[in-house]
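Below is one structure, written out as structure tokens; comments come after it.
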Amino acid sequence: GTTTVFAAASLKNAMDEVAAAYQGETGNQMLPSFAGSSKLARQIQQGAPAQIFVSANPGWMDLLDQDSLLAKDSRTDLLLNAIVLIAGPGAEADLAIKIDPQTDLVGALHQGHLAMALVDAVPAGIYGKAALTSLGLWDGVADRVAQADNVRAALRLVASGEAPLGIVYATDAAADASVRVLDTFPADSHPAIVYPAAILKEGDSAETRTAFGFLTGDTARAIFLRHGFGVAGD
Amino acid sequence: MNDWLGPEEWQAVALSLKVSFWAIGLSLPFGILTAYALARWSFPGKQVLNGVIHLPLILPPVVTGYLLLLTFGRRGPVGGWLEQVFGLVFAFRWTGAALAAAIMAFPLMVRSIRLAIEAVDPRLEQAAATLGAPQIWVFATVTLPLILPGVIAGAILGFAKAMGEFGATITFVSNIPGQTQTLPSAIYTFLQVPGGDTAALRLVAVSVVVAMAALTVSEILARRAARRVAGA
Amino acid sequence: MSLEVDITRPLAGFDLRVAFEAPGGVTALFGRSGAGKTTVINAIAGLERPATGRITLSGQTLFDAQARVNLPVHRRRLGYVFQDGRLFPHLSVRQNLTYGQRFAPRGATGPGLDEVADLLGLAPLLDRRPGALSGGEKQRVAFGRALLARPRMLLMDEPLAALDAALKEEILPYLERLRDQIGLPILYVSHSVAEVARLATSVVVLDAGRVVRAGPAEQVLSDPTMVRQFGLREAGAVLPAQITRHHGDGLTELAVSGGRLFLPEMDQPAGTHTRVRILAHDVIVADHAPLGLSALNLLPGTVVTLRDGQGPGVIVQIQCGSDLLLARITRRSAEALRLAPGRPVHAVIKTVSIARTDVGAG
Amino acid sequence: MSLEVDITRPLAGFDLRVAFEAPGGVTALFGRSGAGKTTVINAIAGLERPATGRITLSGQTLFDAQARVNLPVHRRRLGYVFQDGRLFPHLSVRQNLTYGQRFAPRGATGPGLDEVADLLGLAPLLDRRPGALSGGEKQRVAFGRALLARPRMLLMDEPLAALDAALKEEILPYLERLRDQIGLPILYVSHSVAEVARLATSVVVLDAGRVVRAGPAEQVLSDPTMVRQFGLREAGAVLPAQITRHHGDGLTELAVSGGRLFLPEMDQPAGTHTRVRILAHDVIVADHAPLGLSALNLLPGTVVTLRDGQGPGVIVQIQCGSDLLLARITRRSAEALRLAPGRPVHAVIKTVSIARTDVGAG
Amino acid sequence: MNDWLGPEEWQAVALSLKVSFWAIGLSLPFGILTAYALARWSFPGKQVLNGVIHLPLILPPVVTGYLLLLTFGRRGPVGGWLEQVFGLVFAFRWTGAALAAAIMAFPLMVRSIRLAIEAVDPRLEQAAATLGAPQIWVFATVTLPLILPGVIAGAILGFAKAMGEFGATITFVSNIPGQTQTLPSAIYTFLQVPGGDTAALRLVAVSVVVAMAALTVSEILARRAARRVAGA
């Protein structure tokens, strides 16, 4: 059989590996469909033929929960992530910044822009804004923030040098050699960055349970870790 | 070559071709009809029809995708009815991708064809009528051959659009490899992850090659059709 | 077969208001540039919609503003040869010609493609596209196309204007045959009085959107009051005649009411009734029967009226038998010959002055 | 001002190969439908590119295949009246007419908009669009438009075919004036021998893409071997003449080499040199000077040749003074009069037979 | 009305109008030129030009946006040069949004105009040339008026596309409220968050109204231009 997993786009590399491992182990297929969490959630609301949903933020999962579309008790926080401040070729080469309420972000930008994902819409952006706000830095940089439609685009802005600094997931930053991480935002400066996973009520079956178990199991956990994610419960 | 693209990527290429082909093939007659109606008839609600056709161009594709999802989804009013009555399912099938592509390409197709129709000298159609030809025959034997370059242009423009369509498609039918993952969705997915850029570039190259081939063929066809009209 | 037209169509700066009847045969619609000929013919074909009025063909209503009847163009089955050709640019000459064939009712007869192509000299052009034809060639294709659709009536808008004299000479007899043998009625727009005189059985004269004269061709064409419409040079009389004999030297002898005429050889057998147009300026008036002249035709007659024209000319109406002949001569000659109503004279007409174009089948 | 053309242009099924010279004045390009007239005129205008050859206008090379010269159309300054009108559909009649004005060089003179509009009867139509014109009206606008661009030469492709006789009569004298007073050379394509005879100073006869005869109008038109090209009905001679007197009764007396002619009143003053075309079928041959005839013109002469035509006709060439007159009579008459080379005869010509169209300025 | 949309949303509406207006206004002459070249001239690389113009239609908008970023960004070869020489900056400015919109709309514009040019009877242009008019004047006074309906259609199609363009814009110039946040970006933003649907719908309504108005105006203009040509 085949298990369709709706997963946030940023999980592609890791999920592809997990799916391959799953097939190797069970002979069954795990078919991931990657898109923005908001799209996937709405599709699930419209009866998408998916069995498992991995969201990039809890909000959409909450919504499905309210609509009673999740299989009972299946929801779990699958992954953790962190956001980091990165610098690219557009910033001074020896720039070093520690994130605290005194940080002179605006000065470090040199009239340039701070690349983030959409601060009101995309999880990475929401987390970033929350962190900056709690550190009291948001108002200073608000009008220097360039919001990309996803975190990869924000990363690309920094990597290409168009924006000197950016705020992205640690996982993305780690995989791109042309940017360097200046600092990680303190975990308490923003809500926990979790990727909840759940079985969908309509897709609940023994096989789905198996697949879900694999997803939350040790093999998958190792893969996720290798891709830089934190794993809940660690 | 087989090493160059993975099987999933080949699947995406094949699916995109299939989707675009059916999207344009099936919507072309409607496109011609609509263009003809807009160019030659006057009827109440003509402006509204014209507006509705252009909507997919105006709205962000995501919005079109959502509207499709709400309407043609399994739980949507039209989608549910179609499934019950005809067993025709769009949601999360390649057929849905074709529907999305067709709707996104429709305004481009209609505009091209309509312009061509408006350029046909109605006096030639009159001449055909005086020879006893009923309107439908006049259309098939005079109007249609004369607008052929426009129809070809419209179809290819539509095909190109369908090949590149992404926003509405991924919103409507998701991004399930082998089922609804078209070339642009695959490109999108690669762009979302670290290290996916080269894979994305490969797919971009494929779509450029396919579209350029279609374009070249269309130019040749259109030129041939135009030369026929010019005589010699 | 009779076409009745009674329509109005007001345009900015031009107001059309015509009523006439085309009783079958060839009806010529004659009038100056801008008189409204094309507008009338378009209304009959159904390409323009009159504001008010009726058009009927052999009892069938094609258009009736009051009864809200407006037969669609393609159901009228009127073959239209347009002033501007309107060939289908994407079709070959052959395909243009045969375009209407499939819509011809099964019973309809008429010439076939080969016959028409031969007649119109189109045989070597059949595989060309209209873009590769000369102006005259296009017009011929347009004519053939209308014909092959086997229409109930032909509408022809200056069909021969773009053709050279020799081609006209070839096509005119064919139109006569259509009229006489096939009985195809034709509404024929033309500027050429010669063509009209040769072909038309009826003439409708339009002027500025109004019918100024309508009636049988002989009457209208011989009407001295119409001289201005047709032009002085084209004034003349049309005489009914009957072929009596074909002579060995290539002359045909005809009987007219006032005597006999020698004409260049005609095809029709002796006994055939025909019409002869004698232009006023081709008639010489003599006060006696002259001898030693190359002119073969002498018709004795009596002067009926003298009408002064503009300039130095006088139009003399001469009663020859039961027909009226028109002669245009100088006032000086009229005075020298002391012409006055009642004076007996001889009309001298050269045989070769009566061109083939001026002799029409009955 | 002289135009020299020597070009080839092979097309599928039609092979054009012409060389001729248009020495100024009006050169008529005469030929049957499909002879290649439009092709030649297009090549001169620069709209079609000949395969090989040269075209020069007053020494300036317009086209030279070898030297790779091909002057762009708009720099040739040749006014072209197209066979198919080609009015700008989006411009009013006025705007169509004045389109070329701004490109006319400063020094160029010629008639103004008002003058042209009056002449062509376009004044009431100036604010219409071409879509609202009749066929003849369109053609008149096309003529006016070419004229107002003040071209160095006019190319006219059957410009009068769509016009009625009365309009032709109004426009022809105007073309004569362009030729004589403004000295504008014209290349004139026409099917009408009457027009050609009236206007042309030179004639080039085309047949199937070849020049079959070219030369001064009098010579070409009076050439009995060209009768077949022009059509029997149009055979005739063109005589140089000089106006000697205007009579009170509306007649004008002219001197020709063989005697005097009376014609309907002419505008030009006494002394003017002009040309008179006398159609062969308008000439009666008499073996004596007849009396009591309405025909005023008697020219004594001697028979030069007799040529059998097709049918019952004979073409008699008569030496009248230094000119050759053509007469077309029946064989029967020729025998009755015992016509033979050397026999003295009288040519009888009606004054009114010589239409105004057949009298041309110088 | 002012309560109905927030100030930021009004800003987005105004910005979208501004961006689309300039995008189309400035690219239209190039569009006409390109269409003319493709329709009437033959030159080496014509097919390549034709292909390149169509690329934005074929490629997923994200890819186009990214290519723009690499080319016209401050560190891109063209962008850097333009900044140095003309002080013209696209990155993170509304000018960049206009550039993106123009490039995305370009193929639609060119296609429309090209079809119209191909329908013009070259014999009319010849007639104008015989009257002494040089090519450029013939174009301005004969060709251009005759293709006006096509140009209007192309411009409005482009305008509609520019109003709806999102993917390339956000990738190229991001989303900076008041500077580069266009209507579609705003709509997209709302759609990303649970419960943002009604706000998104309001903006969709605005963009539909604007585009319909543009469409209606264009229909009227095009019909008027066409009627001028038909005479009467």
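Letters A, B, C, D and E mark the chains as written, and numbering starts fresh at 1 in each.
Everything that follows uses one rule, which is that a contact is a pair of C-beta atoms (placed from the backbone, for glycine too) under 8 Å apart; a residue touches a chain by one contact, two chains touch by 3 or more.
The shown structure was predicted, so the numbers you read here are calculated from the model rather than taken from an experiment.
The minimal number of chain-to-chain contact steps leading from chain C to chain E is 2.
Both chain B and chain D are touched by C, E.
Interface residue usage between chain C and chain D, two copies of one sequence, is largely shared: over half of the residue numbers at the contact are used by both copies.
Farthest from chain D in terms of Cα centroid separation is A. Set against the Cα centre of chain C, the chain with the most distant centre is A. Distance between chain centres (mean CA atoms), chain B to chain C: 57 Å. Averaging C-alpha coordinates per chain places the centre of chain A 90 Å away from that of chain C.
Mean C-alpha position of chain C lies 26 Å from that of chain D. In chain E, 62, 66, 167, 188, 191 are the positions where the chain touches two or more neighbouring chains simultaneously. Shared interface positions of chain C, defined as residues touching 2 or more other chains, are 84, 128, 132.
Residues of chain A in contact with at least two other chains: none. Listed by chain label, the pairs that touch are A-B, A-E, B-C, B-E, C-D, D-E.
Residues of chain E that touch chain B in their complex: 47, 50-51, 54-55, 57-63, 66, 107-108, 111-112, 114-116, 118-119, 149-150, 153, 157, 160-161, 163-164, 166-167, 184, 187-188, 191, 200, 204, 207-208, 211-212, 215-216, 219, 226.
For chain D in complex with chain C, the touching residues are 11-13, 31-34, 37-38, 83-84, 124-125, 128, 132-137, 140, 157-158, 161-167, 169, 191-193, 230-231, 233-234, 247, 249-251, 262, 264-265, 280-282, 284-288, 290, 292-296, 311-313, 327-334, 336-337, 348, 350-353, 355-357. Chain D meets chain E in the complex at residues 45-47, 72-74, 76-80, 82, 84, 86, 88-91, 99-100, 103-104, 128-132, 145-146, 149, 151. Of all the residues in chain E, the ones that touch chain A in their complex are 62, 66, 69-70, 73-75, 91-92, 167, 170-171, 173-176, 178, 180, 185, 188-194, 196. The residues of chain E lying in touch with chain D in their complex are 123-124, 126-135, 137-138, 141-142, 145-146, 228-232.
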